[in-house]
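Next up is a structure, given as structure tokens.
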């Protein structure tokens, strides 16, 4: 009944939906974040981060991740990733990542350009790198003709809505450290991963051996605020010290220069800091993440009721990837803008946000049902 | 009477001033800008600039600068400068600038790193490049051993608070265009310059032959919003077409990729756009600029009353540069943080902001008077 | 009988072979090339290529490729490739190549570092890119998040000793030009390919639609001499002009600066030019290539007589790729140094050179026979 | 008598001089170097430097500079300089040099592009940096807005034919090391400097505190061969260890990758190695340098006899810089190609080479005498 369906569509478009499922960055700013921004708008403070609001935001990071971390605020996720990688690499080195990694496919070559490094893309089954996959790309060591792998970069939660289990991260960290490499986590959705795993932010990063984290706040309800968090090498009694100490010496000293040279130092820093403050001082980060994860579960359940729709990845964070009939894509997109993930397989990506409501999900899945039938 | 002076200081510090004269980026956000940000915080919109708020902000730029410009929003001034320069240069080319230029001394080598180009610094008397100075650096053309000058970059208002006269800009533009070069304006304080000259934004940039403008909003009352504005080459009847057309073809197509690869594409763009909207839709940009310029004039007048203080540059925008007794610097800084501009000459920089009050100026100059005496 | 075999090895090593099959760059310099170098060693000439010997070498390139080409000499093949790619790309663009391409795996990331571009590696069956493969990587056009494919780079003869047929090259050129892309040929062994195809150097490059060629002389008997050859866009009556003209304007003007900035401008250029002169003035380039190709055919025939050895790629140029018993590798390497091509598959690479003799092949294959049995 | 002079010119041009005074790189290759190249042209050797000839050349460097140095061969002087600087710098750092430094004015921005660093040019009186000059550029340390000076680069002999005295070098080294900086020497004419000072190569570099040397052979009679020589930090009893040890760890490991990625690894390395062998195994390097220095002294003496010619820098190596009547320049250049050093001051540069003869000098100065009179 496509004719009737089209009619329904037409009617629906008269009442355009307020929220889409296109991306968690299509959502607005959480009211508490806006309030925090307004709250710091008093008088003059020194620029570039030497202000009490930034100091306070850093203390919140310390509370979550430990006193001995180093944290630097930047404008966006691409910058957090590129600067993280730059901190650990020379231009002749390489970064091993999943072939669907944001750093590989969605940053317009920024990581290569900023670091000079080659990114080595590996195919994955579910968006997650494995030690076996990484091992296959770890060769040519010491051979001057070949780039030298120096960083393993994973995305947590992944680009396809899956979440690494703690031991999966740990194994990658161990593999990396045993070979003088580092583990980077693109945490654009680290809050969703932590919520999904039921772990603290620290437990699902630093304590698993992660060396540097791109901490994402923007998709978690902020306006535009990302951070690079460096974790010191881990010394435990009886456990060998895997981390290559040498490069870490002075690393955070160097980083502030890389940030400035990378065009990522905000003059009115306090307005970025306020956003972190709002999310991290209490548990807003967690509530937002849990909510969007829960909406994704609801979305999944509703979609599962539609025979023509097939969920293709485990729904472990706030995204749902579904194979849908090709003919329905344009129809749904006309009302709900979203991205096709895999043209060939007719797989689409639908993301839930901190502000997605149950009603949004119901309306959307009703619409999808009509469009595919 | 240093002892007595110290006592006064001590008393004063009990009532720390709310506003300093350290930098116009130490000021907060204008309330109207904050309101504009809050106003766009409704529902979902597509990310990365494909939203109605950004469309509207671009229309405001069109209204000020013309329909045929191209404008791109970025996070900060360093990025606006680096991306502007990148758009017109190949890595073997060079940018001619004043030796006090922000791009030369205050951006941690970002322009060199992002463009690959050499920056050729020229001494100036008052922060302003002259055609004669530029001519002295224009040589080695076509010689493969030498970098090839491609851009003249000036700062308007300059780093030392002076303002180029229209014909000074025009002469530089003509010199550039006759030689296949471009004229870039670092307009971190372009509003102050326009206000100072009594010209519209367009009259003091595009209409003088400027090819690309780093348009600064942050120091003009925004939270963090800068733009790169490209002006099309100018064709007038009977006037030869100076601009090298070739590079401009497809330039703005290329620019969006440079912005993304330069880590300067905001996902939640609407919150940057809203800031431009607030400043440019009415005349807030002008009121803010006029106010800070007027405060600088007041500051100058008050300082002129202090015999130990000598103003060293013309006060034409919102900054005052003064030679003060060396012993007074630390004392004043203890209460009012600010930057020493020239250590050797004991010259300091004091900037006025959109929110500086007459009372601020009076209190400050009173304090200076006591400190230097 | 490994014990006996070892004994034979031992005896053999008493009379170490003069020539190996490790690489065509392990060979020396052809006597005629040495003589040409000595011949230009007279008096002073202007440096950096403004000398009569270089002029003469360029004329030889003109004779082979046409009067309207542009040719630039550089030190080595990696430079020829990187500079070729740089000439046609902006940093946000991408180069599509085979995953076994020298530029992808054997140049330590130099192409990425020098151009800023991403290299997109595609799997191949026999070292050759196909239009279908390239098409699969041609997407995201105009999307600012994605690098933009600008160059297709193929290696002729390929890294695995196969040779593109003329129509295969033509199809790739057409695919490229229809999309505003360029076709680059890494011709480190272009002489071998031309000899194999029975075509002139021009017929197997420019006339098939190639836009830029890394012309390799070093493996063809030179001491160290490579060239970048630009072909003008092809206009034929009735045929649409595929090439994006814009970028070509002034391209060769720009190139000399890229070469200098790329640290590839020789001061005593005449000694590089003399090498090209020796190879290209007569048919030495062809005789050398034919000879090494013929030796590879002989090597193939001899190896085919050994049941434990399996040739895995068509032998179309001067290389033979063979799967051999894993246990034999170290034994053979002890006497004849060579590279293992594919560790997992136990595939090795044996290259013939301009100076390989029939006796060399016989001795080598005898040794291989004993080692594998 | 310009008319008569012109006649003389005309006659002279019938017997064009074999050798000019344009540059020491206009000279050819010393016969012993050519013979050494021919001598290694026997059979196959492994490429990229793993050959006995390169091993032997390295031993010669060891003999001159010590067993604990690291040496790497590259193609040309620009590469030696860029790679030297790259080894010690991060992209946000800076290199302090003379404003006439080859790295600053004659390498088309290669150092900036390859290292990402800013080069800070300082005016000099005689081509030589002084500690006082360097001190004036050493500021902004630790300030993230400013590039951080990391290397002092001097040229020995300088671009204007002067030579640093041992204690001048030592003072710069001490200044550098006390601040965690390094001292680089562009030794394109290091042999001339050593000969001039009457010191061994080691005494005038390593023993004075130099950290890395661009060792030039090309201008000393080679065909095209330069080397980067790293000296270990110097520990002497009772003397504080100035060198920042940290960066040196693994530095030479990293360097081979930078060389390859910098497109400077020769495949047929033996032919570069042979050139060093010829110069360094005996005292050919010294004889060549002494000879060209002596010719410069002769040139100076002869020019001093011409009243219209004024020598403007001390003649301490193989170059003579002279102020001559502007009208004579073109006339002399028509017969003897050379470079004008300073257009405004009408200062020209005349260089002597390993093959310059006394007769060459006499003929040339006779010609100059006629041209200026």
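For clarity, chains are labelled A, B, C and D in written order, and residue numbers in each chain start from 1.
One rule holds in what follows: contacts are C-beta pairs under 8 Å (C-beta built on N, C-alpha and C of every residue); 3 or more make two chains touch, one makes a residue touch a chain.
Treat the numbers as computed from the prediction; the structure is a model and nothing was measured.
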item: Chain pair repeating A-C, as identified from B-D, A-D or C-D when over half of the contact pairs by residue number coincide; value: B-D
item: Most widely separated chain from chain C, with each centre as the mean of CA atoms; value: B
item: Chain A and chain B, separation of their C-alpha mean positions in angstrom; value: 34
item: Geometric centre distance via CA averages, chain C-chain B, whole Å; value: 51
item: Residues of chain B engaged with two or more neighbouring chains; value: 91-92, 107-109, 113, 116, 144-145, 257, 260-261, 265
item: Residue ranges of chain C touching chain D (in the complex, touch as defined); value: 18-20, 22-23, 25-29, 31, 34, 37-38, 40-47, 75-79, 82, 107-110, 113-114, 218, 223-224, 257, 260-268, 271-272, 337, 353
item: Chain D - residues contacting chain B, complex; value: 91-92, 94, 105-109, 112-113, 116-119, 139, 144-147, 343
item: Residue ranges of chain A touching chain D (in the complex, touch as defined); value: 48, 90-92, 116, 144-145, 148, 246, 249-250, 254, 256-261, 265
